[in-house]
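Two complexes are shown next, each including subunit A; its partner changes from subunit B in the first to subunit C in the second.
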Partner chain A sequence: MLAVTRLSLIQNSLHKCGILGTVQVCHLSEATHNVTPYKLHRLDQGPNTTVTYTREDALKYYKQMRMIRVMETTAGNLYKSKIIRGFCHLYSGQEAIAVGMEAAITPEDSVITAYRAHGWTYVRGVSVHAVLAELTGRKTGCANGKGGSMHMYTKNFYGGNGIVGAQVPLGAGIAFAHKYRQEDNICISLYGDGAANQGQLFEAFNIAKLWNLPCIFVCENNGFGMGTSAARASACTDYYTRGDYVPGLWVDGMDVLGVKEATRFAKDYVLKNGPILIEAFTYRYHGHSMSDPGTSYRTREEVQEVRQTRDPIGKFKDVIVNSGLVTNAEIKKIEDDVKKEVGDAAELAKTDPELPLEELYSHIYMNPPQDMKVRGCDDTVFASTK
Partner chain B sequence: MATTVRKFCNRFSVCKVSFSRLTNFRTDGITLRCNLKNRQFQSSAAILATIKLDMPSLSPTMEKGNIIKWHKKEGDTVSPGDALCDIETDKAIISMDTEETGILAKIIAPDNTKDVSVGSLIALLVEEGEDWKNIQIPADVAPKASISAPQAQQTLAPPPSAPAVSSGHIPVEHGHLIGPSVKKLLQEYNITSSSIKPSGPGGALLKGDVLNYIESKSLNKVTQQAASPVKPEAPAKSAQPKASEKSTPVPGAKFVDIPLTNMRRVIAKRLTESKTTIPHAYASIDSNMGPLTQLRKTLLDDGVKISVNDFIIKAAAFALQRVPKVNAIWANDGPRLSSSVDISVAVATPNGLITPIVKGASYLSVDQIGSTVKELSGRAREGKLLPHEYQGGSFSISNLGMFGITEFSAVINPPQLAILAVGSSRHEASIKGNQLKMNVTLSYDSRAVNEVEATRFLEEFRNVIENPQTMLSGTNLDSAAEAFVF
Partner chain C sequence: MATKLRTLRKASSQLAFLLQRCSRSSILNQTIVSTRCMHFVYVPETPPREFGETTRMNFFQSITSALDIALAKDSSAVLFGEDVAFGGVFRCSVGLKEKYGADRVFNSPLSEQGIVAFGIGVALTGATAIAEIQFADYIFPGFDQLRNEAAMYRYRSGNEFDCGRLTIRAPCSAVGHGSLYHSQSVEAFFAHCPGLKVVMPRGPIQAKGLLLSCIRDNNPCIFLEPKILYRSAVEEVPTGDYMLPLSKAEIVLEGTDVTLIGWGTQVHVLRELAGLAQQKLNVSCEVLDLCTILPWDRETVIKSVIKTGRVLISHEAPITMGFGAELAATIQKECFLNLEAPIERVCGYDTPFPHVFEVFYMPDKWRCLEAVKRLISY
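Our next item is the complex of A and B:
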């Protein structure tokens, strides 16, 4: 289960450092990492199992994953203080997928996901403040506080979608747009192991393969569709094979470097050959949503074991510290910075203003006529829209 | 929202306390020790290093929770995913997890603490390596734990981050607490607290200070319309909305208080009494309105205009005569049959529903009923009904059909035993072709009226409505018959 990490120093780095024993006091610039072997479906060749990464990569990925973790913890606490209301699905445990995939694509590539969207929103460029303020329903939120947990968007990030599985056909459509405009860009469409049994996914796979759309379908398999384990819901839990004629690959979704390499490979592949399916094997620490304590269908020991043996952040920290690229002091500094940034963002998210009531009626139609009015909840209210 | 504000205030007061007037601050028997010199350092350091654990809301409806048992004890190391304690919410016992890493330094709410409000501090964590035994308890623990949510909302409603709130509300710019009586005085005379020199301990503003100030400036009370209680008055006379009842939003508050008129108060009391003491049961029936519509058309051609409502009252009067057990009131310990059919008809007025009574409805012809209702409801809307014109009655009818309601159920008007809720006529496809149907729902007191009687009443009602000629021809005959019986 654990990715076997082998310290393998690059020659020229060694030269820079001088003696191997002084690894802790000097900064290496690159290191390599061995990824848990991928599983392939209808692919002759898979991604590289040995990946090289730089010190900057290491610091960036660690900071991003840490940021998502602390942001989600903060969101959970705000929810339990009744400051965030309504829907709220936390990404803790799955951080390596968003961070690793984002690292392999460009801002011009598109992403669409389901309702576990906070982490993705952040890596796509929205500030922690705008994510938390969205959750608390403030004007400064990335959707002006109108969307909340499931409906966050930014450029080339098509959201947060509330309907289970419905984002997958939309993702195929976005990929079609890229192809139609003859852009060298791809679309990542994410869904969970629960949504993997939806009929509309297979319709999307079909048309995507038929037209060879540049779409990476990603099944984030966290083991549970709400409170039902994958094995109890799916006749075949090898989600990377479920596209049948669509090639697939399995990657350890707790390994940010593995995810990045798999995504790099997949992007390359889909631009040439049409769609591919990635199953990223991961775990979620929280319940499905805030109304699920997450302990009635799995044992507390199981969750703790994953936290100790597979945690994407803890494991990555070990990898980068052991490789000598990053020191423990730097890790500590990142953790403090992240804590402060999220803490400040949370304070703002609590005190920022809410939208005025009239805004209820805006953003319904694109460019509505000047004097257009829309109906409120009952037919006594007619308000102008803009 | 309230929690946000409260937390913010607490943070605010922590800062105040730790840097200015710590010496005289005491909480729950824990005196904050240490001298001024190292206090600033120590308190700020301890507070920075401390992670506060508040009572979480573990269900959407949870307001308070009970701490059942702590799984960790003071001094234990805590890591993400650990269960700290079991909390009993309004629905279940759920264990509280943490995402923090550190040492459980202080348990504020121990095992078996009852009714801990959501958001109150229950424990403190320090980071690993900190001296957990030397933890300082934040000064805001006591007020936070005991304060109840509505109180907090009232006293702390204007968010401190917002700029000073406009007139009518005292700006809270002083660094000390103000007692409720002092606050009331300030509000009554519209004085800002900063304009008075405080003489109490630690710069506290005393009631005496305010009284002296008022006397010295010979100030008068500022009248506040929203706060003045509405004088009790007879319900019949309160039909017109008064100027004082206009709701005035309190500046900065997120709510509008609407003062209760006497009539509203009576309605609220009686409806609550009705719904809580009378076991309501309901039965509905559809009637074919075709013949009645036809009859009204014929009458209209002859120049006689009678509304559907008048026919409904008449039909109900017929049915009540035939099923007298429904035409009764609950008197102390049992039903009392009424000697005449007095039908209360619900009329909407600006101040609420009022029910003028069509007395002896079974003796009246349909057009007499029509003119009586018209006259009574006109005066009801002007608030000019006399008590005997709306008190009493043996049965009620509420008709929302004219407003497009297809069906609804009404609350029994005590001490009566039943009320008929009338819906609108609607077209319905049937084997006999397109039919005009009307739904009526009888709410009845199941202590006194049983299903069979309710059903019989509705059947009789339907029979009359579907054979409307009876209502025109039968009137005199019935009144004669009734006169004979009673």
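Our next item is the complex of A and C:
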């Protein structure tokens, strides 16, 4: 369903004028947007379906989503050129979720996700350069090149986890820490529709509800758990209801403004009432990982149709341009800037210094015993560790 | 410091060697240290004549062939796992759903503990359950079920119940670029569980024969498939039904001076090593493929060591508590007076499987060659 945008006459004001090229453009400062209706589970009231956003919001979200898209395309190309090692899972198609959620939380709130982590790493404050350098295994990567695609971290962003579903209970633990320290912060614990069937999720739901932890469980439903469609893997595909006694809400994950509002609502809710489950309905353009062409279990036409009708970036562009907040020239400028920034970052990621060999043996233990040596391939090699 | 320097020197010489083996284009592009060159050469083998007609197959095709035969001959057999119905991520089950129907070849949810446990349940009823865990690295959510249910069912029920018709297949080991969670060799974890059988084949011929044996064996089996071999190992494989014995090691190459023991991919490294040792050191090596890790073939190993008096054990998994440790302990007990030198082990580092340091981590033939030198000069 296409989101409808309308101008709010009351809020509109001729706030800002600028000159772009030879054309003088006047900007409105705010607009409103109607979100695809949410679906609710065990909630009397949901988030607002009409949301207001500013020109700055529009420019920021557009730039962030665009950045993720171009970064992922670049990562895919680097992988194909065999410059990236490890496995590589791309976020293209799902950008509105990371960008929308981050917009509704603060840097003091926590996030933990699975291995499709590049976009989240970026919105949590890591530069495109540090993301790409992590992928290429360089010292300048956000995990010093030791994690690679699936393992990226920064302050209050706990990664970056390789085992499907394993991060979800960790999110409950992080939420408990916030509560125990009496902080007004929450943890967002993300997983996919594939992981939604892992047993440990249900252990996490129970613990989180039992102790009313400030945890937002988020199911990013992109339609496929690896190569198996949601309907073939899940007895119930209404993922927002799968927490049973944990209230849930469904949001259009292709609408950054809807995701932001749902997250704002959820943060407020979990701080007062304990956990909530958000299903963000989205789509993954690429295969599950780079080894999966993504075409053996769905048609190219299906992917093409989503790109044309539901794309979170294209749709948002229409919304903000039609609202009069942003001009096409500004969009073009953002796209050029993004292209340059990612291009420069990719060059650095290819040429930055590699990790010194000592890093093979470091970070196995914290404060290893003073004389501890890591045994190498045989008994002639014992390497110092730190 | 000296040790560190030596390690660095060794590492750099390895890297130089690997780069030589990479294509020219990647050498020219200095920003790429492409390590997707294989660290061994696969030498095709010839199947025994008595197995009949053969055709050219790679490793994954030989697995498909084994699964095909198992499903055709055993109407109770079912095959399932993540993405298995459309052929599996490594193409091992291509065409089987079409041939045997969606009620016998089906996708499971992404749920490793569920897959293993479901398989145990199916096997408890006497049916044949063949389950795939997509990567051995991901088998651990199912570890509890394998260790506490599958391995003990027969024992704890006084032989009244068992899940012997369960076979878990899982791709394992290094692949050149797999990083932390797509490279692990997990055999030693399961070798600590009496009641399980653990098997790792070295090539298409063995893969088919051993897999059929596992599927038909009346004990729960974990069948680990070195994924680097799926496409790279190609040879003539018998098209018909044949089984190779479990718990039987195979002498891949006969020799007199040093026994080299490995399994899976490492057998090929050792085979190359034998050539190197002959050429550079004039040392004759006997290469032994353990094939079954648990229960393992003590007799063949001991016999060989009694003959040679020198042993090198090599595996990709970390050296500490790798299965080589068990072999070494048994060999020193059984062959103490035959040993001419301390047993050597060349294995993976005691680190997580690294992201960018795979070439440094691997127990390659040069490291093994150094060990052979130590063995003969002791």
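By definition in this document, the second predicted complex is superposed on the first by the 362 of 386 C-alpha atoms of A that agree within 3 Å, B and C clash if a C-alpha of one lies under 4 Å from a C-alpha of the other, contacts with A are read in each partner's own complex, and residues count from 1 in each chain.
By our rule, contacts are C-beta pairs under 8 Å (C-beta built on N, C-alpha and C of every residue); 3 or more make two chains touch, one makes a residue touch a chain.
Predicted model only: the values in this text are computed from it and were never measured.
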item: Joint occupancy of subunit A by subunit B and subunit C, clash or fit; value: clash
item: Partner chain(s) touched by A:P293 [first = subunit B, second = subunit C, both, neither]; value: first
item: Which superposed partner A:T73 touches (first subunit B, second subunit C, both, neither); value: first
item: Which superposed partner A:G162 touches (first subunit B, second subunit C, both, neither); value: second
item: Contacts of A:N367 with subunit B and subunit C, given as first, second, both or neither; value: neither
item: Which of subunit B and subunit C A:Q182 touches, first, second, both or neither; value: neither
item: Contacts of A:K82 with subunit B and subunit C, given as first, second, both or neither; value: both
item: Partner chain in contact with A:Q45 - subunit B first, subunit C second, else both or neither; value: neither
item: Touched partner set for A:K350, first subunit B, second subunit C, both or neither; value: both
item: Broader residue contact with subunit A after superposition on the shared chain, subunit B or subunit C; value: C
item: 402-410, 456-464 or 474-482: stretch of subunit B that collides with subunit C; value: 402-410
item: Residues of subunit A that lie at the interface with subunit B and also at the interface with subunit C; value: 81-83, 291, 350-351
item: Touch list for subunit B against partner subunit A, complex; value: 1, 3-4, 7-8, 54, 56-60, 79-83, 94-95, 99-100, 118-119, 159, 161
item: Touch list for subunit A against partner subunit B, complex; value: 73, 76-77, 79-83, 92, 285, 291, 293, 295, 300, 303-304, 307, 350-351
item: Residue ranges of subunit C touching subunit A (in the complex, touch as defined); value: 3-4, 6-8, 10-11, 26, 31-36, 82-83, 85-87, 89, 107-114, 134, 137-138, 140-141, 177-182, 319-320, 344-352, 354-358, 360-363, 367, 370-371, 374
item: Residues of subunit A that touch subunit C when the two form their complex; value: 81-83, 85-87, 137, 145-151, 162-166, 194-195, 197-200, 225-228, 232-234, 291-292, 296-297, 350-351, 354-355, 357-361, 364, 373-384
